[in-house]
Amino acid sequence: MQRIGILTSGGDSPGMNAAIRAVVRKAIYHGLEVIGIKRGFNGFIDGDMEPMRLGSVADIIHRGGTVLHTARSEQFKTPAGRAKAWENVERFGLEGLVVIGGDGSFTGASIFHREYGLPVVAIPGTIDNDISGTDYSIGFDTAVNTAVDAINKIRDTATSHERTFIVEVMGRDTGFIAVAAGLAGGAESILIPEHPFSIEEVCHKLCKGYRRGKLHSIIVVAEGAGSGLEIGKQIKERTGFDTKVTILGHLQRGGTPTAFDRILASQLGARAVELLMQGATCKMVGMAAGKIVETDLDLVLGQKKTVDLDVYRLASILAI
Amino acid sequence: MQRIGILTSGGDSPGMNAAIRAVVRKAIYHGLEVIGIKRGFNGFIDGDMEPMRLGSVADIIHRGGTVLHTARSEQFKTPAGRAKAWENVERFGLEGLVVIGGDGSFTGASIFHREYGLPVVAIPGTIDNDISGTDYSIGFDTAVNTAVDAINKIRDTATSHERTFIVEVMGRDTGFIAVAAGLAGGAESILIPEHPFSIEEVCHKLCKGYRRGKLHSIIVVAEGAGSGLEIGKQIKERTGFDTKVTILGHLQRGGTPTAFDRILASQLGARAVELLMQGATCKMVGMAAGKIVETDLDLVLGQKKTVDLDVYRLASILAI
Amino acid sequence: MQRIGILTSGGDSPGMNAAIRAVVRKAIYHGLEVIGIKRGFNGFIDGDMEPMRLGSVADIIHRGGTVLHTARSEQFKTPAGRAKAWENVERFGLEGLVVIGGDGSFTGASIFHREYGLPVVAIPGTIDNDISGTDYSIGFDTAVNTAVDAINKIRDTATSHERTFIVEVMGRDTGFIAVAAGLAGGAESILIPEHPFSIEEVCHKLCKGYRRGKLHSIIVVAEGAGSGLEIGKQIKERTGFDTKVTILGHLQRGGTPTAFDRILASQLGARAVELLMQGATCKMVGMAAGKIVETDLDLVLGQKKTVDLDVYRLASILAI
Amino acid sequence: MQRIGILTSGGDSPGMNAAIRAVVRKAIYHGLEVIGIKRGFNGFIDGDMEPMRLGSVADIIHRGGTVLHTARSEQFKTPAGRAKAWENVERFGLEGLVVIGGDGSFTGASIFHREYGLPVVAIPGTIDNDISGTDYSIGFDTAVNTAVDAINKIRDTATSHERTFIVEVMGRDTGFIAVAAGLAGGAESILIPEHPFSIEEVCHKLCKGYRRGKLHSIIVVAEGAGSGLEIGKQIKERTGFDTKVTILGHLQRGGTPTAFDRILASQLGARAVELLMQGATCKMVGMAAGKIVETDLDLVLGQKKTVDLDVYRLASILAI
């Protein structure tokens, strides 16, 4: 193996740059060449690719976003798009590909591998943490800390009236960020897609808390569980409590990555290069049970990962 | 003068604790006693008051919120409520009062002074910065930094498509936070109550930016200029751009105060005590032209402060 | 079991409050009473103890330090001191004890258990992360992020000359913080007690980096591997490079705990209560292989934990 | 006027990028061309210069350091060096120069203006804040907040023993950072070059504080007032207190600039361009009495700015 490509795809997540740095430097350390592919599969199709050197990844480990840029590619979902990408594989002499992204990107990579046989190693990079085969995906820890920081600040605003704060966090299909941020932030309620809830129940809990003397309540809502503004409106209607809503939105995707995300990204990136050198064909690297491991990419894609409900219940017990 | 009272009122703002600490310690330093009044004018009416010592304000300079708690008081707007407060003035032997808060709180303090003659010094504490007689109110600098930090994080999320980010910040009647955060954050557009705008114009500017090669645009909206979600919807309808909305909400009121806010609070708190000792009757302390100054409170209440449009225009020029 | 005690001991670490909150609330949830013991074993000896309620731990999850205060106790090392503590166990009716701290505190707890039979569960709380039986101790993640944040800031200071920055971090006997912060911060060299090094070698690497075009080099030094100032002096003498030293010191012990530390603390605290209720006699809770586990406390005390040298080498490879 | 040059020189400070962005965009807005000069006066001498466009300063407003890099130039102190720089002025057709830096850089600029007549406008960019003619220099607010953040973290480490923390901050000749950070951080003592002190006095104050019940004391030392480690040693010898030292060093020069520094930088940068267009010959822009003002550069260089001792005394009163 002499030359590999690397791209970031889908929604970006903090720590992707640390993963790129690890792939590039580990590869060069072992005598490989690395071609950086810009704008995800779009750059792969367009040939927007160029060699990366040691210096290309200097001073990026602490930056949010991705120096390779990212995109969602409709064209790569078509056979014609992938055929063009294959031309670039041949043109640039790539013998392996590292793909950093989430589910959608991995599906594309897997199909491409099946069709053209290019060895592929995937690195999970998404703040949603909804990829099976790994306990953590790159960016999740940073996104959770961003949400927790917001909850901290909201907690500061002292009040003498019943007041309810709602913080809407990302998570269309899963409540990973909501549960972790809610537990770490000491939220009174956490609303997630995986667990049914009724507004009555939420209001009942709020009222109980205020009767016990709580000055304020914080409710964390995963966007997939409902709109923060809508839930706030319903709570106000039912309880009369003053309800204030914060929607974090895309700021959860940014920020300088935490140490955890950078270390994870560094380890996964280095392992991805090792796997390609050892002849892996279609794998994902991840961290499971505290160790860096690999899984067949197709196995990853066939499984759904959901929130640990024990942790969810713990958050509820500790917020009594 | 032997004994003064202190309360925080209205919406809380970061740095109020630093002001409380300054008032208490400066007063004790000069041999005065200080009575802390809880929950704003409500505690004043209810007699929820107790002596503060040097240690009462230890280790609070860096905390958001206010150790005296705060509230909006409907009762203090009635003669009966104020009569009850006066009883507590007599009961606790107060010869002066320091009120930390915003416009509404100052109006209450001014009426109370007129009716009962208690010397009052007001300290401007509101993130909105909409109080005249001072260039900065306590908490504004912190709130702006919180908003700028959010913009930083959003700026990180790299994109290859036209994408527009909207950040809704506080400011019901004025655009101080929006203009400062927008200028400091390098926002492409800033929408404020003081300056009329049309969605057409905003969309036109967005399209021009993208044609020039901008990868993303950030629009800061003061809540008083419109709803971030609504504006986002309209932009999407007109331009087709992917539009993402962040609503910061009450997290702008929290957080550890910046050095600027703590120093300002310390200086204003100390000056407030000096003024009471020197026989002031109804003043506000503030910072104007880089100096700590005092103004008649009624003069402050009669004036409206609006955003400096030169700064607003500068933000626009620098974001071309 | 009806009543348990809880104390924090030794050097404090961020997240201890989250652990206290978890112990108190989990215990109350199961109908137990909790007695908070102040100032570590000193308060245990002096009877400086009082009941904790749900509200005692409200709004502390995000605070650094420990609301129970901590201390190192010379007196508890003596049989006389422990006898006095036993009197307080009887006086307060304690049937179990949760000790949050490090090695030294655990040794005291273990001896006390052996002498008097009081069931004890230990929770690892130390930024040094040098306790075996757990992959992470509470506070480590926060301390590493603090060190990484310092490295980020140093990385910003652009230079055109050869310049070397040294960051001295905590770690008297182990290099856990240094290795994690060095890897996450992209440091050029990491000096730790577990791995011998020579100044010649360090200087050689520095010179090689500058010849390759590096604008600056960052060296992370665990305090146990040498004095940052001394190493800086030696590097300057040998290479002539301008060398700047930062000593982080105790600021690594403070700060608002990260989400990771709060979640870990919450899980360990809750598990500690469960273990006491299930009849554990002398255990430590920890996180190993991604799971919450328990280990005999004496086993923990008999083992030494050192840095994973694979991670150390990875940091070196990625910083070429 | 058609073309101007811009350079950053001396020690870097956070916010320099915001100033560069403002100069470039304001100039282009008015139809001027801007040449960016790399590595301070060194690049001026070497002709390491290139045109800057709107996009050259995109996404830099939030970055520490300076995209133009900076350096101290020995060569520019010689007539030969300046003669070479003049050749580049002619080669690139510069009709004006913006210099961002401190005292040393301004001296060079002033001499160059006197010798060759090139119009020069200086922008004060140094964390030390020791430049007269302006109340604030770019980077000072950020550096103070960095120091205050360190003090916050140290304040968290609860203790039950007498313990003294020393934080050494930058400031070789002046105590601006020390006084601002000490006041904002609630430090018990602040040691600065402008104000004589004796260790006896410092120890006396420490002992008095502990007798009054203070759990810890924080002493902020400007590097120009003595070595933190040395002062710590002396305090320990005299009082027996456990003394812990933090040396912030160069991390004070980095970090993302605060909103205040970015707004100041934006205003000063824009004003510098206006001044050049209006025919200024040798000025510095600054902020005085809350307004953007200009001063003759030679007047600035002839004056010494020292700390406001009233603020210094206030810090002392509030830390009783």
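Which chain is which? They are A, B, C and D, in the order written, and residues in each are numbered from 1.
Here is the rule we go by: contacts are C-beta pairs under 8 Å (C-beta built on N, C-alpha and C of every residue); 3 or more make two chains touch, one makes a residue touch a chain.
Please read all numbers here as calculations on a predicted model, not as lab measurements.
**Student:** Tell me, please, which chain's centre (mean of its C-alpha atoms) is farthest from the centre of chain D?
**Tutor:** Centroid comparison gives A as the farthest chain from chain D.
**Student:** Report, in whole Å, the distance between the mean C-alpha point of chain B and the mean C-alpha point of chain C.
**Tutor:** 38
**Student:** Can you work out the whole-Å distance between the CA centroids of chain B and chain D?
**Tutor:** 28
**Student:** Between chain C and chain D, what is the separation of their C-alpha centroids in Å?
**Tutor:** So the centre of chain C lies 35 Å away from the centre of chain D.
**Student:** Do you know which chain D residues sit against two or more other chains?
**Tutor:** 152, 155
**Student:** If each protein chain is taken as a node and each touching pair as an edge, is the resulting graph a line, ring, star, complete or other?
**Tutor:** Here the contact pattern is a ring, one closed loop where every chain has two partners.
**Student:** Among all the chains shown, which pairs meet the touch rule set out at the top?
**Tutor:** Those chain pairs satisfying the definition are A-B, A-C, B-D, C-D.
**Student:** Which residues, counting only chain A, touch chain C once they are in their complex?
**Tutor:** Residue positions touching the partner: 18, 21-22, 25-26, 28-29, 54-55, 58-59, 61-62, 135, 141, 144-145, 147-148, 151-152, 155, 180-181, 183-186, 212-214, 256, 258-260, 262-263, 266-267, 270, 288-291, 311, 314-315, 317-320.
**Student:** Flag every residue of chain B that touches chain A in the complex, lowest number first.
**Tutor:** Those residues of chain B that touch chain A are 11-12, 14, 39-40, 42, 63-66, 69-71, 146, 150, 152-161, 165, 229, 244-255.
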